[in-house]
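These are the structures, in structure tokens.
Common to both upcoming complexes is subunit A, partnered first by subunit B, then by subunit C.
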Partner chain A sequence: MSLALPSRRDEAWKYSDLARALSGHDLSSVAPARGGSVIASMARAFAEEERVLTIASRDGVHAVEHSLSHEARGAVTRIHVPALQAGMVVETIYGHLNLAAGLSEIRIEEGGALTRIVIQQDAQKAVSAEEIAQVALNEARVSVAAGGTFRQFVIAEGAKLARIETHVALDGEGGEVELNGVYMVREGRHADLTSTVTHQAANARTKQLIKGVARKGGRGVFQGRIVVPRGAQGTDARQYHRAILLEDGAEIDAKPELEIYADDVSCAHGNAIGALDADQLFYARARGIPEAEARALLIEAFLIEAIPEDLPQRDDLITRVQRWLQT
Partner chain B sequence: MAAVRETVEAARKLEAEKYSAGFVTDIEMERAPVGLSEETVRFISAKKQEPAWMLEWRLGAFQRWLAMREPNWAKVHHPPIDYQGATYYAAPKNAPKYKSIEEVDPEILETYKKLGIPLREQEVLLGVEGAPKVAVDAVFDSVSVVTTFKEELAKAGVIFCSMSEAVREHPELVREYLGSVVPVTDNFFATLNSAVFSDGSFVYVPPGVRCPMELSTYFRMNAQGAGQFERTLIIADKGAYVSYLEGCTAPMRDENQLHAAVVELVALDDAEIKYSTVQNWWPGDAEGKGGVYNFVTKRGDCRGARSHISWTQVETGSAITWKYPSCILRGDDSQGEFYSIAVTNGRQQADTGTKMIHLGKNTRSRIISKGISAGNSSNTYRGLVSAHAKATGARNFTQCDSLLIGHECAAHTVPYVEARNSSCQFEHEATTTRLSEDQLFYLRQRGIPEEAAVALLVNGFAKEVLQKLPMEFAVEAQKLLEVSLEGSVG
Partner chain C sequence: MLELKDFRVSVGGAEIIKGVNLIAPSGEVHAIMGPNGSGKSTLSYALAGREGYEASGVAKLDGQDLLALAPEERAHKGLFLSFQYPVELAGVPALTFLKAAFNAQRKGRGEKEMAAPEFLKLVRSKAEALKMPQEMLKRGLNAGFSGGEKKRMEALQLSLFQPKLAILDETDSGLDIDALKIVADAVNATRAPDRTMLVITHYQRLLDFIKPDRVHVLARGRIAASGGPELALELERSGYDRYLEAA
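Up next, the complex of A and B:
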């Protein structure tokens, strides 16, 4: 049995037509992984070996940074955060492959903490739509035990189709999740940030802030789902997505979802899509800042709000945003 | 918390007699044979003495329907519907059109009286000078029983009649507009409706005319096993204005009754249509037995420049609600609005919301949705806001708030936003909270009984929408909210 590729008709892939993006690819060797998603099936089929990473804090206090690069077609990584340990993982997805699928299975034990940074790079040389051939897929499945923390920041520049999926299960009481991200897409690029957070236990918290910009011919997608099953009382969840369409011909699709079966909860989500604020632009211009510069400044300020202040890589990430704005 | 525990217990006690509209009128019915086939469609068309083109239209829809599959994306669960086990046409026997209200079968009038429908509003309003008048097109199962105030409307040039009458008397209008907003092949239920629709209301307001009164229809399902498939078409010609009220209530039944209506609104240049609904169909008993399946397609087309369509709904009934009153903002500077209160209790399921499709320039839309779930119910807001690449200056503001009462209920918010224009501005905000204990405590402390306190808080929560209802409906709707939540709180 070969893998059935989801298309626009599948609700979860409504805005990212994988079947279309992968038409012409021979995927007959990919067997559907039992109970796994399309991305997981591909990652397992393409990966030569499974990487295993156990996080241990230096001095029992400082998080150790690990780098994981996705240079092969497939990558499967298991990350284990033992109780009370803290660590950091930076995953880089390069844009030089025709098709790359990554799967990270993360287990955070009681009181453990993991910060995950995902950098999805644009293909450097591609200038025309025909040259952007790559499909970059990544999926993380995360379980967080009581008192555990999972923080993630994704920066995506898009590809012919880039989709970063994150699925978090808050299995223990008092868990915390932060899922932030930025996407920036230019002509011919498509970036999709999809996530699910399931509050299996009570008194857990979720914070999510995703910011995005799209230029002419670029398409940004945000799909975020927060599920609060019966019994997950005391849940606090906030989910925000804000995006700017920089030029005509850009497209942004959003589907923020709240699915709530418990009553003693406080959940909110917000979604705003629009143009750059004309008043802000006027203010900057009135102070003698040339229009192009003022626009870049405003877009930069808009995007970097989603990068957590205390992230050690914050400056590098800001540089990445600035570089994108300059080209 | 004790109050919540009591809430759940009380919800279980929710009994059939609470539903004041739950009674059956015993009158002779003329009905189509059970089942759905080309013969059924021909039977309905023949009963309605329809012209050949209408029959062709129905048969075409029926052929399409055979090839379609029931949608399954909504967050609702129900046993498979046996489309061959239902009756598709039921009319009160001896169904000639009544010339005056006195000719109407007294038992029918009695039914409406129990529902408190102002069919005799003429007498009531007599002597009250300047009082607002309401014209009623009452649908008793499939046949429009009587249409009042016709003459006064005719003076203004407004056509307000049953759909079957419109097919016979105004075929040119019906042919031009029927199916032009909700195409025959739009979706499974709309296609089914196109094949077997029995009756409904037809309104045409000529250019520049402000309809002199609120138009109103009460739909009522009565015959056992008879689904109701009404079809409503409202056209506001250039510069016209009309406000339409739809009220629904059905008697108690054990078997699930299918209701698949289609409502089409067309607003030409500078026209405005206000469509208000209060839906209070039998929601089934506390165990979820019985109740109406309400699968409705409602859509308004702001076809002309500066046109304006506004939907206001108060949904308290039905076992299952599947309904998305939408606006296609085609004309430049057109406006769409959607105000909704959806209350679910017991084992009710509601998946409802709207679609605002921005096609024209400088189009604006506003969505305010208030969902209240209690008991074991499930309440989903599902909405789409989209801007076409040419819809420069499109604006939308959406606010969806959900209120949870009790541990066993569910509230979901699923907005879809699709922006293809760089000058559009779309904002969506949603919150989900439970009834505030502090506020409840505050009111209780001042000696207000718990049930009254909850009613007060719920009314406050839904105020923004209640204010949008025409006066005639606002009072009724507020009362309905209280009745719907009775037993679920405190």
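Up next, the complex of A and C:
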């Protein structure tokens, strides 16, 4: 049995037509993984081995940073955060392969903490919209035990199709999740940030701030689902998606979903897609800042709001945003 | 010197400024007063080059046609507008913004950019003169600032940029009594023989501090009267009724 690729007819992929993006690829060797998603199936089929990473805090306090680069077609990584340990992984998805699928299975035990940074890089800058062939797929499945913390920051520049999926189960009481991200797509690029957080236990917290920009011919997708079942009392969930269409012919699709079945919860969400603020732009230009520079200044300020202040890589991530704005 | 001849401005198809003639020589301060909605801000925005403000007629700064220029080019030529309602730029640290603007203006004039340490010193001394806490320079420009704080940030920019033409649109609104004095001092300190100022205000109070050479009354998009400083005192006594009837 070979893999059935989802197309726009599938609800979860309605903004990202994987079947179309992969037409012409030979996927006959990929068997559907039992109970696994299409990304997981591909990652398992392409990966030569399974990487296992166990996190141990330095001095029992400081997070140790691990780098995982997705240079092969497939990568499967198991990340285990034992109780009370803290760590950090930086996953980089390079743009040189026509198809790359990564799967990270993350288990955070009681009181453990993991920060995960995902950097999805555009193919070579010079590649034109017609030439760009890369399909970059990544999925993380995360379970967080009582008192555990999972923080994630994704920066995505898009590809022919780039999809970063994150699925978090808050299995124990008092868990915390932060799922922030930035996407920025130019002509011919498509970036899709899709996530679900399920509050299986009480008194857990989720906060999510995704910011995105798209230029002419670029497409951004945000799908964020937060599920709060009946038993998850005391849940605190906040989800915001804000995006700017930088030019005519840019496209951004958003599907925020809060499914709340518990009654004692505090939830807030917001979704706004608009244009760059004309008053701000005029103010900056009236002060002598040329239009292109003024736009870059404002877009940068808009995007980097989603990068948490206390992230050690914040400056590097800001530099990435600036570089994207300059090209 | 600012020179306006049959200057007209339409916004959204409606003519708001209906033929203004005005000469404000270098070294002079001209006050523009007039009822709410008479077009004072519209005139200011149009001179600064805001999109959607269709201007016609003549508007020249030191002989240079302003209307053909983009907003940033007007700033490079020395035009500065202190906004009636300054815009908030959350996420853009004030210092970053001021440096970008300062050096963009220099670059636009073909001058050398100022290095960071020197600029920092300059800003700090200007901020101090305006009794602004240095901490304000680290915050997002005007983000969450009080009305008065925003006006001080505008005054700081006036004294930093040293423009050829300063248009101060209700610089006094939102300022407390002490702040009014501080800002007025900063404005007075920037008076210079090669500088023209248009001070838009509703109140004589500001003109007690910043003595105008000429006062103009703008009513329904036209200059209904011009005179010396005594005109402002007369307006304070008798209001705008007679000018509105005439306009």
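One rule holds for everything that comes next: the second predicted complex is superposed on the first by the 325 of 327 C-alpha atoms of A that agree within 3 Å, B and C clash if a C-alpha of one lies under 4 Å from a C-alpha of the other, contacts with A are read in each partner's own complex, and residues count from 1 in each chain.
The rule is simple: a residue touches a chain if its C-beta (ideal position, glycine included) is under 8 Å from a C-beta of that chain, and two chains touch if they have at least 3 such contacts.
This one's a predicted model, so the numbers in the text were calculated from it and none came from an experiment.
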| item | value |
| --- | --- |
| Fit or clash - subunit C, subunit B, common subunit A | fit |
| More subunit A residues in contact - subunit B or subunit C | B |
| First, second, both or neither for A:260, with subunit B first and subunit C second | first |
| Contacts of A:283 with subunit B and subunit C, given as first, second, both or neither | second |
| A:291 touches, of subunit B and subunit C: first, second, both or neither? | second |
| Contacts of A:270 with subunit B and subunit C, given as first, second, both or neither | first |
| Which of subunit B and subunit C A:301 touches, first, second, both or neither | second |
| Which of subunit B and subunit C A:48 touches, first, second, both or neither | neither |
| Geometry of the superposed three-chain model: angle at subunit A (Cα centres of subunit B and subunit C, steps of 10 degrees) | 80 |
| Superposed arrangement (fit on chain A Cα atoms) - minimum subunit B/subunit C Cα distance in Å | 14 |
| In the complex with subunit C, residue positions of subunit A that touch it | 278-280, 282-291, 293-294, 297-298, 300-302, 304-305 |
| Subunit B partner contacts - residues on subunit A that touch it in the complex | 11, 230, 243, 245-275 |
| Residues of subunit B defined as touching subunit A within the complex | 4, 73, 389, 402, 404-434 |
| For the subunit C and subunit A complex, residues of the former touching the latter | 48-51, 70-72, 74-76, 81, 83, 86-92, 96-97, 100-102, 104-105, 108, 140, 157, 161 |
